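Same chain, two partners: chain A is paired with chain B first, then with chain C.
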Partner chain A sequence: MRDFYLFTVIIYSLLILLFLLFVLILYFAIHREESDLDKIAWQHSVAVVIVGVVASEEVEDGLEAMTYEFEKGLDKAGYRNYMIDELIKAKAAFSGSSTSHLKSLYGRLNLDIDSFRKLHSLKWHIKAKGIRELGAMEQTRYRKEIFWLANDKHELVRNEAQGAMVSFFGWSGLSFLDVIEHQMSQWHQVQLLDKLKYVKPDTFEELIPWLESSNVSVIVFAIKLATLYNCHDVYQNVAKCLQSSNNQVKLCALEYLRLMPQADTFDQMISNYYAESTVYKLAVISSLKDIGSENEITFLVNELNDPNNDIKAAAAGSISVLHPLGNGFFKTYLFATAHPWKEIFFQITNKHIA
Partner chain B sequence: MNWQALFFEFFLYGILFYSFMVVLLYLFIGTYSTVELRKYLRTNSFADWSVLAASEHLPGISILAPAYNESANIIENVRSMLSLNYNNLEVIIINDGSKDNTLEKLIAEYDLQQTATFINEQIPTKKVRGVYKSRNPVYDKLIVVDKENGGKSDALNVGVNLAKYGYVVCLDVDCILEQDALLKMIKPFLEETKVRVIASGGVIRIANNCKIENGRLVTINLPKKILERIQIVEYIRAFLLGRMAWSRMNGLLLISGAFGAFDKEIVIKCGGYNYKTVGEDIELIVRMRRYMAEHKLPYKVTFIPDPLCWTEVPGDYKVLGAQRNRWTRGTVETMYMHKGIFLNPRYGLLGMVSYPYWYFFEFLAPIIEFIGLIFFFVFAYLGLVQWGFFFILLGCILSFGFLYSVFAILVEVLTFNQYKGKYDIFKLFLAAFLEPFIFHPYIVWSAIRGNMDYIRKKNSWGEMTRRGLNPSKPATSVSIPRLTKQ
Partner chain C sequence: MTVLVAEDDMIMLKTIEVRLKKDGYHVITAQDGKEALKQIELQSPDLIITDIMMPFLSGLEIVGAVKNKGGKDTPIIVLSTMGQENVVLEAFKLGADDFITKPFSPKELSMRVQRYAQKLD
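And then the complex of A and B:
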């Protein structure tokens, strides 16, 4: 009988929970709709001000378009956040003087204080959002606070801080590479490289200490930077990276050397070749297509005997480019009619005809 | 106490204990997954996909899509894949010995010509008859492979052998991908700095009754049939709650064969897809995890909760039964092939948590349920059932199941909120309510048949009438290597 009562209690508790969940779903569905409606209502007043500021000679002229709803809305945190988001979107969409007007408007409405306040939040995503806003609106006066966050324990916060530093100062903003202790993910590196695409640095001196950093990801990123900017000055430093124990460092260094070869590049590449991974070997052999000469043919012919078929195929591809006979070399090769050389040579020959 | 009474008590409390464990597990999964979901959404809100889509710094991805008798939709499906937002991409369509004109249609539409291509057969496969590339530079990302029929696993292995990039995305050719799907899939591989991400899975969403134009999803609608709607609730529960929780624990054992990304190097080292099982998707992940554990390499299998991949689900009981039958056989085969992992501390979480979970709560669940049902009828016939107690227990279980489904719907509303029609949420509630009466018993029965077929060594994929996601196209009858275990 006790069990019976126990289960009755359980079932009623579950039903109450169910009811509460229903209420919650309805609440969130309605709340979301309301929040969407709020945004639709705000859209007009915010757009009027942004368009006014962008189209005017002076920010003040644009502010004349401020409506009563706009002024009243600025008292609400939600409205101000919406305004910040719209300003960031507008800044990304416009260029020239319009962006400085938008920055001025951001400052004039004290929205930077809202963003800065987020930096002190205990919640990492709010902190990161604050940094993103200040970075996007180029609020360099907060650089010190943001710089310290470039080494934050939370990955997203430090990524945003590092991104903001690059947004502020371009190449100079990369000074955080001197101090960061955490590894930079490849994803974050891609984002930073995309931000730096249009930045033209005056000097690459900073690259040298980064290439010798104790943080492996900083070395990888520094090699990527050297490759991005075709920086020949650090050739020797990058070549030294081939001695690294980290595979990713070595592969990035190979890519750099392929694009910026010098007389000793091949020797540097094969100094420890036979102890390297297949991926490394493939990268070396493939790069010979671009940087090799007839001197490397003996090496490549040797590689045709490697047990790995990918290496054979890559070596054959490079031989076809470097050998004076071109594809004609394949006919002279001892095992030309045996598997898999026959198929490999046939593919390369066919590709050249096509 | 005589032996019958002892047996009765043992059976009763055994089932009760098992049910209690299931309930506890679901409670844990429900709460554990929501934290991960929230973290995922917050982190991803910072990614600027439009900028990254054009990035030259992202690694290359090879899409591998096996096609068998797909002539009805193949042109639109390939176009959809070629139009994805990703810079460094190759699309490899593997025509697995289709009996229809899939290959001819592709050749004509994309101006393909046969090229001599050396395939380094690192994974043994059936014979490749030819590799085709387009003369038109617009389609230079497209490679079509024609091979002898060998099944989905064999076709995917050919794709792995041919792929030139380090990451492969295995995709059912009839799936519709969101434009940023590849960007979102590659992110976990590049984000991790401490361990190697060996595979990443994506959510499969149901495209029945959705509007699709030129291979792109235009409008999301709830399906009209209740069976399809119930599967929506089931998928939301499985993907948003179940897989998210397992992903957070790094215990994910299954990445759907319909859409998953893999580190090619590890796939090759593990020997690729196993063509001897119909559960090639779960088997590959178990083998990859096993390989990493045996070599003491730190690794991770991740999961993306974004609705990235849309596909058609069975609309009638016959096809649904065949699908679930095959999923069961795939699970049993994988469990058997890797029985050495079971409670083996050498495999860490895989051996001590993930595998036992699958064994007890995925493989055994329908069997225990079925046996329980048989005993219930026997006890009822013998007059041993206390009906008051029975109805209370039944109500308890049904309420909990419904509660869990409603919670999943709540999570969906709070996160991706894909179904925005006026009464869509209520329709989903109704589907969740009806599930235990018109869906679940059939699923249990299909699983039982799957187990029986496994014992009888039946290994067919079954037949399915696919209505197609393009309503203007006629229905086609094809084998079903497309609808894989979720």
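And then the complex of A and C:
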């Protein structure tokens, strides 16, 4: 009897749960459908205004095209958000004076205030969207608020804010590097460098404090900037980064030195060579192919005796490039017929490894 | 002169339509590739402006179809986005006459169309 009672309770509970699940799914399906229908209904009135601005390249023409439906729609937050999304899409699709007119329309309809309000949201994705909107519509007057979000605890909010600052002010927008405490991801650094590729800074003075930052990712990014801009002025500062305890910083510095060598580059690279990791050693040996001369052959021949076979192979590869005899050097090497040198030399001579 | 504009983005499509109508052309529009081909067969436009990425049939397929089916002399301008250089080359191989990279200025498009209109005159 007791078992039967328990069984009935379980069945009823499951049925109630299933019913609640059904109601929930139904609610979200209806809500989504309503939202999709709203967008279809809004599409026309919004398009008329945007097309008016872009096609005639006059803001007034767009404002004249405003219908009653459009003006009424502007009372709804959803409609305004849809309008912002469409304006941003249009701004990305067109160039010339239409873009400044689209920006002007965004301001005339006070949509910047909607975007600005999003910066105070407790939800990170809304905050990030607000920054993206203000950035896309070049609303530089909100720079102070966006600047402080460049150090937000949420990575995507920080990334949006940092991206917006660079879009607004180019090189000087990088001033957030003075204050950020959080690490910048490699991918985000790539995106910022991409935004900066056509920017020509007047001075590289800012690089010096960034190269000494307590934030490792700022140092790495500063070295990448110095590399991107072929900045020889900070050569000594970058060379100092080889003393860093962080491997990534050292490898980035090596890459800079490889691309912008000076007379003392090799000495800088090997100042602490024997205490370094294998990755570092391999990077130094490999960079000698580009920056080395016959003077470094003794060092490389010495590296052929390293217990690590990867280092032996890398050293042999660089010797084949730098030695006046090229691959012919291998025949003169004392252990040329012994393992593993025999195999390494064979592979290099036959261009299987370089 | 009749211009067919095939573009799936409504704002882009309407903008081009309004701009070209202002310039005095007769404009036909299509929001997908299938519709575009249908309009081409029905109305034989003098100039075709087509986006590359579209539902059902891509802009490349439209270029191929027009140039292979007796529309060899109908000039086609392809609308591409940045980073689609390979696709643009493919469009040229298929017979496209010109391309415009987004973002573009409506004035620029207007000038290009005018050039083809003068040739047709």
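Simple rule for what comes next: the second predicted complex is superposed on the first by the 305 of 354 C-alpha atoms of A that agree within 3 Å, B and C clash if a C-alpha of one lies under 4 Å from a C-alpha of the other, contacts with A are read in each partner's own complex, and residues count from 1 in each chain.
Methods note: contacts are C-beta pairs under 8 Å (C-beta built on N, C-alpha and C of every residue); 3 or more make two chains touch, one makes a residue touch a chain.
The model shown is predicted, which means the values in this text are computed figures rather than measured ones.
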item	value
Superposition-derived comparison: chain B or chain C, residues of chain A touched	B
Partner chain(s) touched by A:113 [first = chain B, second = chain C, both, neither]	neither
Partner chain(s) touched by A:179 [first = chain B, second = chain C, both, neither]	neither
Touched partner set for A:43, first chain B, second chain C, both or neither	second
Touching partner for A:96 - first (chain B), second (chain C), both, neither	second
Which of chain B and chain C A:86 touches, first, second, both or neither	second
Contacts of A:54 with chain B and chain C, given as first, second, both or neither	second
Touch list for chain C against partner chain A, complex	9-12, 14-15, 18-19, 22, 102-108
List of chain A residues in touch with chain C within their complex	43, 47-48, 50-52, 54-57, 86, 89-90, 92-99
Complex interface listing, chain A residues touching chain B	3-4, 7-8, 10-11, 14-15, 17-18, 21-22, 24-25, 28-29, 32, 125, 128-129, 132, 156, 159-160, 182-191, 193-194, 217, 224, 279, 309-310, 313, 340, 343-344, 346-347, 349-351, 354
Interfacial residue positions of chain B with respect to chain A in the complex	42-43, 45-46, 48, 51-52, 55, 57-58, 115-118, 120-122, 187, 190-194, 265, 388-389, 392-393, 395-396, 399-400, 402-403, 406-407, 409-410, 413-414, 417, 425, 429
